[in-house]
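So, here come the structures, one by one.
Both of the next two complexes hold chain A, though its partner changes from chain B to chain C.
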Partner chain A sequence: MTEPTPAGQSGVVVRSSVFGRIVRNPLGLTAIVALVLIGAAAAFAQVLAPFDQNFSDITNTLAAPGGEYILGTDSGGRDVLSRLLYGGQLTLASALLCASVAILIGLPTGLIAGYYGGWFDSTASWFANMILSLPGIMVLLSVRAALGPSVWLAMIVFGILLSPGYFRLTRTVVQSVRNELYVDAARVSGLSDLRIIARHIMSVVRAPIIIQTSIVAGVAIAIQSGLDFLGLGDPAQATWGIMLSDGFRNVYLNPLLLVWPTLAIMTTIASLVLLGNAIRDALEDGQKIKAKRRPAGEKKPSRSAALPTVEAGTEQHLLKVSNLAVGYPQADGSIKKVVDDVSFHIDRGEVLSIVGESGSGKSQTAFSILGLLPDTARIVGGSIQFDGAYTVAPGDETVSSERLSALRGRRISYIPQEPMSNLDPAFTIGSQLVRPMTVVLGISKAEAKARALELLAKVGIPNPQRTFDAYPHEVSGGMAQRVLIAGAISCEPDLVIADEPTTALDVTVQAEVLDLLRTMQRQLGVGVIIVTHNFGVVADLADRVVVMQSGRVVEEGDVLEILRHPKHPYTQTLLASMLEDKTPMTKLTVDAAGGIA
Partner chain B sequence: MTGTPILTATDVVVEYPGKGFRAKPFRALHGVSIAIEQGKTLGLVGESGSGKTTLGRAMLGLAPVTGGAITFDGQDITHASRRQRRALSRDIQVVFQDPYTSLNPALEVGEILAEPLAVQGVAAKDAKGRIRELLDRVGLPQDAVHRLPREFSGGQRQRVAIARALALSPRLIVCDEPVSALDLTTQARVLDLFLEIQQDTGVSYLFVSHDLDVVRHISHDVAVMYQGEIVEQGPAEHVTRTPDHPYTQRLLLASPVPDPVRQEERRANRLRLLAEQREQDAQAGAGTGASISAPADDAEGVSVGDRA
Partner chain C sequence: MVSFTLRRLGAGVVLLIAISILTYSILFFSSANIARNLLGDQATEEQIVLKEQQLGLDQPFLSRFADWFMSALSGDFGRSWFTSEPVAVAIANRLPITLTLVAVAILLTAIISTLIGMLAAVKRGWMDRAVQIGAVIGYAAPGFVIAVLFVTIFAVQLRLVPPVSTISPGATAAAWFTSLLLPVIALAINAVASSAQQLRSAIIKQLERDYVRTLRSRGIAEREILFRHVLRSAAPAGLTILSLQFIGMLGGAVIVEQIFALPGIGSLAVTATASGDIPVVMGVVLFTVIIVIVVNLLVDLVNGWLNPKVRVS
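On to the complex of A and B.
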C-alpha cells in the first residue's frame, strides 16, 4: 500500500472538532452543564436571590429549610440560598482572577524563556524556583496581616504563587517545538519571531494551558474557601468559605448548614477537574476500542488442549505460514486486515527475504511469527507452524505466548531495526548478553561471560572485553547492531528474524553488517528471514524472495528470477523505481503527469 | 565549472558552542567551498555526521557560520539580518527531510501555503489563486486546501512542502534529504517532480542526500563530504561512477545493487578495495596522515572501518 489516501480524492473531509468530542464525552458534557448552571446562578444572583446577602432576620436564626427561606437561615438569620448565590459570585470571580494573574505572568515569560533561552531563561527560571519554594499559606497569611482582609488581594498574590506552574509548562512545551522543522521552515520564509510564536507555537501551548487552568481554578476555589473558613476573609461579603465556617460553628444545632456550601464547592471543583480530563481526552484524539466481550457461555479456548497435528508432508519445513490473516478491530466493529492470505515457508539454512513498502504488512507478518503483535491484533485466519508443530493453530485468535516463549530466544531470535533503542541504556552490554544465556541455556554466569566474549569477537568487535563492559551509549550504531546480532545467535537458534536490520545504518556500515550476517548464516546454517524494502539487501543475502503489497503476497520465487524477470506488475514497478543503473535526469515513472505520490 | 554561480560558499566554517564552561566549540564544517550554478543541481552526498545537512542549514541562516563567506547573486549573505533574510526568502527556499515534522500539524494545507505569500505582502485574493496553481504544479487535488497534513501520506506531504518552497518562485531550493523518508515508488515520483520543476522553472537545487544513487540521478555536479570536509567534487558522472578519492570509492561499492550476480561482484570489489586501501595506509605509516580512510586510523584496528 503506497498511498493510503487515494489520489484525487474529493469532497469535504469530516473532522470532528475538539469541542464536539468533549460534548460527546458524558463526563465532559455533565461538567460543562454543571459549570454553566453554577456560573449562571452566580451571575444572576441579584435577580435570583430572594433576599440580600446580608439581610438578617434576627428573630428567625438557624431556621429549617422550607417556607419563606427555601434552604433555611444561618446563625445570623440570613437566607442560606441567597448567600449561596451571592457567595458563588465572589468565589468564582476570585478563582478567575487567580488563574488570570497566573496565566498573565506565567505564559509570556514561559514563551520568551522557552523560545529564546539565554539569560532571560536563567533569570526567569531562578525566580520561578524561588516562588515555588515559598510556603503559599504563610505568604497569604502575611499578606492579610500586612494589607488587610481583601479577597482580591489574596487571590492576586495566590495567582503569582501559581504562575511558576504556567511558566514551567509553557517553557517545556515551547522548547520541545522550538527546533521542529516547521518552525525552521517559517524562519526561512522570513516570518518574524512574534508571528512564529503566535502562529506556530501558541497552537501547541494552548491545550496544556487550558487543562492546567481548569485544575488551577479548582485549587484557587479550595484555597479561597479555606482562607475564609479560617476566618481570614472579609466578613462583610458572603462566600462559600464563610458559610462553611458558620455551618461548622453550628454543626450541632443545624448540621444542614454545612451541607450546602460543601455541595457547591465540591460540585464546582469536581466539574472543573472532569472538564480538564475531558479536554485532555478530546485532544489526545485516540478512539478507544473496547475489547470484544465474549458472549456468555462461550469458553475461552483452552491452551492446554492438544494441538492439532500439522498437515502431513509439511513437517520438514523449518517454518511454514499458511493463509495467515492479521487484523485490527476498528471502532465501528469491523476488522481491518493488515495481513491477508499470506503463505510461505522457509527451510533450514535458507535465507528468505520479505520485501515491500511501508504498509505492505511485512513487519506484521514477522511479528506474528515472533508472537510480538500488539494486544489489540487478532489472527483472523490461517496458521503458523514451526518445526512440525503449530505456534498458531488454525482457528486461534491470538498468538499463544505460552507456546512461543518456549521457542523465542532458544530457537527463534530477532534482530531489530533500531539497534540503539533495543539495548537498555541502564545496563552494560555484557549483562544484556549474559542474562538471556543464563536463563535460556541454563549455564553459569562465568560460562555465559566467556561465551559472550567469544561471540563479540566472532561478530567482528575488535576489543570484546571493552565492549562487554561498555554501556550502549558508548558504542556506535554499527557496533550496537553487531552486539544485537551476537545476542541473536547466542542461544544457537534455528531461525533468525531480522526486521530491516540495516535501514538505520550508514551505507558503509550497512555493507559490513550484511557481510557479518552472511558469514554468520553460513557458519551456523540457520534459517534467516530478512524483512526489508531495499532490493540491494535482497540481492546481497537472500536465496528466495516474497514480495508483499497491501498485506498480500504478490509474488514469490528464487532471488535471481524475481530480480531479473519479475512477473507481477507491482514487482516490476518497484524494480523500475530503483535508481541504480538508470540514466540520470530521466523520468522514472511512466505516468508521471497523472500520478500522485 | 562553467556558467555563473548563483550561490558560492568559500571556506565556510560552522562551530556550535560547546556544552559547559569554557568547553571547546564543536566544529561541524572545516572550511567548505562550493558553488551552485544557475539552473543546475549540486548534489551533496555523505554519511551521518559528515556535515552535509549543516552546510545546507548554513546557507539558510539556520546554522552559526563562524568563518568564510556565503554569497548569493554576488551579495554577501553570511550573516544576513532578519530583514535581509525576509527579502532572501523570495530567492532561497527549503524542503526538509521529514515531511511529518516539517508541516505544522495544526494548520490546514492552504494556511501552510499562504504563509510565505503573506510574509511578502501578497493580497489574500492573489494568494488564493497562487495556491491553486501550486497544488496543480505538484499534482495535489484542489480540495487539499482545507485538509490537515495528517490526512496525507508521506509522499503527498512532501509535495505540500515542495509547493510551499515554490510559492515565491525561488531561484535556489535547498533540499535536505527530501526523499529519504519515502517509499521506493514514492521516491521515484517525487524525484520526477523535482526534475520536472527544474526543467520548467530553471530553479537551482542544493540536493543533500546520503544515497549516491539518488544524487547521481538528479545532480549535474556532486560534492562528497566526510567529517566536515569536502573530499571530492566534480561532474556527477565522474564522481558517482569513477571516483578518485578512496572514501568515495568505498561509498560507491558499499551500496548494494539489486542483482545477485552483480552484487556478488561488487562485494568482491569492495573487499579488494578495502584490503588495498588498508595496505596503502599501512605503507603511508602513522606519520603523514595523508589519507583519511577509516580502517587505519581506527584506534582499535577494526577489521573493517565502523563509525556510525
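On to the complex of A and C.
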C-alpha cells in the first residue's frame, strides 16, 4: 500500500507526528496541560501547600474561603487547599499503581495468549472471564475486611481486577497481526519470537494500551475516591474521597466543601479520558474527517425536485454510465478519485464484463450503479441512467437512495462475492428469500415460499425444502452462492450485477456456478454485469468487455476481439498473466464462439 | 441447547465454589484478633480463648471451611458476630431493595442507551458527537459523585425529595418511588453514558456487514434492516455490554446506598467491612457472586438462543 519504510525508523516517525496531532487538537492540548498542572501540583504539594495536610485550627472550623485559608477550612479546621494538593499525591499515585499492576499482568499474558494460543490461552481466558464477573467493590470490601485499610493493597487488588481489560485487548490485537505477512517474514528470516514480539508486535499494541491506560487510570481514581468516601481508607492521609465525604457530612453547613474535591476528581478523570480520545483520534485522523462531512453532501440530491431528462437517443440502453467519477474525501480536504471518467452502456439481454485487478475501481463502479457505495464515498462527476431515467443526474454528489430504492431488488439486483458473509446468519435461508419477494412483488408469504422452492430447484439445489429450512451456517459456500443467485433473480430484474461471483469458491464449484449464471441469463434474458479479475470468466460468459485500470477504462469492445487482439498493453498483461495460459484459454474461446454461433 | 445450558450451569457452580474457597481463605486466615476486637481491651486471656472456641476459630482451616460450606448448602450462613442476627435473614431483608434499585437502573440504562446508540449509529453527525461528549462526562463523574451532587441539589437545596430514604420491604409504593428515584438515576446516568457509546459501536459494526448491503440490494427498507436484522445481530454484544454494566452497578450500589441511606446489601457490606464482621461479609460476597452468576448465565442462554449455530445443534 504505502511505501515501505525501514522498520527501525517507522516507530519514531509515527510517534512524533501522532504527538503533533494530539497537541494540535484543542481538547488534547487542554487535557495534557491540565494533567501536567495537576501532576505538578501534587508532586510539589510539600512546597506549594501553605499548611500540612493534617494541621488543624480547631478554633476556625468550616471557615469560608479567603484570608489565611484560601479555600477555607473543613470540619476539623484543616486547610482545604493544602489537603487538596496533598490529596492529589495519594490519588494520582494510587491510579498509577493500579494501572501498572493491571498492565504488568494483562500485557504479558495477553501477548503470550495471543501469540502462542493453546492451553495458556484457554486457561488465561478462563481466569480473565472469572475476574471480569466479580463485582469490584465487593472484592475490595472483603480485602479491606481481611487485611485492613491499605490504599496500596486495595489498588494492587484493583489492578488485578482490571488486568483482564489489558489481557483481552492485547490478545485481540496480537491475534490479528500474528498471521500478517510481515510477521511471517520476520519469522522466516530467523528472528526469535522474543525479537518479533518486541519489535513488530509491541509497536502495534502500544497505542491501544496507552488509550486503555487513560481510561483505567480514571476508573482507579474513581474507585479509590469511592473507598475513601465510604470511610474505608486510611484517615490519616488526605485524599479527594475523604474530603468529599467530609463535605457531604457537612452539606447543610458548608456545601462549598463538596465543590473542590468534586472538581478535582472530575477534571482529572475528564482530562485522562480526553487525552485517550485525542490519542485515538490522532491515530485514525483520516477517517474522522471523512465521516464528518457526509451529511451536508447527502441532502442535496434528495431535495433536487425535477430530474433532468436523459440525452436524446440514449433512452433505449438498459444502463448507461457516462463519465462517472467516484472519490473519497481525504484528511487534507482533497478528494481521492477511485473511479475516473468511466463510460459504458449495457443493453437488455447483454452480458457485460468489467475486468481489472483489485483497486482498479471496478467494484466501486458496480456499487455506484446499485447505490450501495460506502457512506463516505461521493460522486464527483458524471451520471448514471437506468432505463431512460437518471439515477445519478449530472451534478449529483451522492447516489439518491430514494431513486435507487425503487429499483433495487425490483429491477436491478446483486450477486455478491463472498457467499457466506452475505446471508444473515440469524435467519433461515427461506425467510431471506421470501421477504424480498413479499416486499417487492407484493405477493403472499405462501406464494413467495412456493416460488422460493421453485427457484432453489432451478439453481440446482438437490433438496430445496431442506435448504429452505436451513440456516446459512448449515450449507456449503457453493450452495450459499446458488441461494444468493436465486435471491438475485427472484423478483425478475432487468439487470443483475455480479461482483466477482466465483472468486470465493472452490475451482470445481466455480465452473458449476458459471454454468448456472449462463443458463439463468439465457432463460431470463436479463442484462448482466459481471465484475471480475479473471479473464476465464470473461471468456466464458461475456458479450462485451470493459477493461479498467486505476479507476479508468483503458479498453472496451467485443469479447472475442479483445481476447484475440488486445490493443492496450494493460489488457495484454492481464491476459498474459493468466496462470492457465494455454489450455483453458483455447477451450473457453471455442466455447464462447460456439455460444455466439 | 440442553448440553449448552448444562455446561454453562456447571461452569457457574465451579466458579461459585472457587470464589467461596478464595474468599473464605482470605477472610478467615486474617481473623486472628477478632475475639479481642469483639470483647474489647478489658477482656482476659481466658475469655478470649473461650470466645475463639465459641466462634470455632480454634479449628483447623479445612474443617472450618467444610463446616461453613455444609451449613451454607443447607441455607445457614452463620450469624453476625456483632448482632447475632442470622446472615441469611439480614441479607433476605436487604436484598429486595438492592435488587429493585439495580434492576430498575439497568432496565432504564438498556432502553435509553439502546435508543441513543442506535440513533448515533444511524444518523452519525451531531448525535454522534453528543454521545461521545456524554461518554466523557459519564466517565468523568463517578456514580457516587453524581449521587452526592443529586442529594445536595435536589434534597438539601431544593427539598424536592427526602435526603434520606424511607423504605423498607413493607413501605408504600410512593415511599419506594421517592426513595429510589434519585439513586436509580444516579446509577443509570453513568451506565448510559458508557454503554450508549459501546452499543453505538456494536450497531455500526453490524451495519457494515456484507449481508446488510445484500439486503439493501434486495429492496428491503432501511428501517426493516435496522430493526429486524442489525439490532438482532448486535443483541449478543449489547447484552454482554449490559451484563458488565450490571456487575458494575452492583458495586456502584454499595456507595449509592450509603449516600442515600438505603438499607440495602451495599450498606450492610460497608458496615460489616468496617467492623470486621466476617460471616456477614462472606454472606454478602457470596450472594453478590450468585446474582452475577445468574445474570451471566441468563445472558449466555439468551445469546445461545439468539445464535442459530448453538440453538439448532
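The criterion applied here is as follows: the second predicted complex is superposed on the first by the 420 of 597 C-alpha atoms of A that agree within 3 Å, B and C clash if a C-alpha of one lies under 4 Å from a C-alpha of the other, contacts with A are read in each partner's own complex, and residues count from 1 in each chain.
Definition applied: contacts are C-beta pairs under 8 Å (C-beta built on N, C-alpha and C of every residue); 3 or more make two chains touch, one makes a residue touch a chain.
Quick caveat: nothing in here was measured; it's all calculated off a predicted structure.
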Partner chain(s) touched by A:426 [first = chain B, second = chain C, both, neither]: second
Touched partner set for A:151, first chain B, second chain C, both or neither: neither
Chain B versus chain C as contact partner of A:112, first or second or both or neither: neither
Contacts of A:418 with chain B and chain C, given as first, second, both or neither: second
Touched partner set for A:474, first chain B, second chain C, both or neither: second
Chain B versus chain C as contact partner of A:142, first or second or both or neither: second
Chain A-facing residues of chain B, complex: 47-48, 60-62, 82, 85-89, 92-94, 96-98, 101-104, 106-107, 115-116, 119-120, 139-141, 143, 146-148, 151-156, 158-159, 161, 164, 182-193, 195-196, 210-214, 216-219, 236-237, 250-251, 253-263, 267, 270-271, 294, 298, 300-308
Chain C - residues contacting chain A, complex: 15, 18-19, 23, 26-27, 29-31, 124-125, 132, 135-137, 139-142, 144-145, 148-149, 151-152, 156-157, 209-211, 213-222, 229, 232-233, 244, 247-248, 250-252, 254-255, 258-259, 269-270, 272-274, 276-278, 281-282, 284-285, 288-289, 292-293, 296, 306-309, 312
Contact set on chain A toward chain B in their complex: 2-5, 7-13, 15, 180-182, 184-192, 195, 199-200, 203-204, 357-358, 460, 462-463, 476-479, 505-512, 514-515, 533-540, 559-560, 563-564, 573-582, 584-585, 587-589, 592, 595-597
Interface residues, chain A side, partner chain C - complex: 130, 132-139, 141-147, 215, 218-219, 222-223, 225-226, 229-232, 244, 248, 251-252, 255, 258, 262, 265-267, 269-270, 273-274, 277, 291-292, 294-295, 370, 372, 375, 401, 405, 408-410, 412-414, 416, 418, 421-427, 435-436, 439-440, 471, 473-474, 484, 487, 491
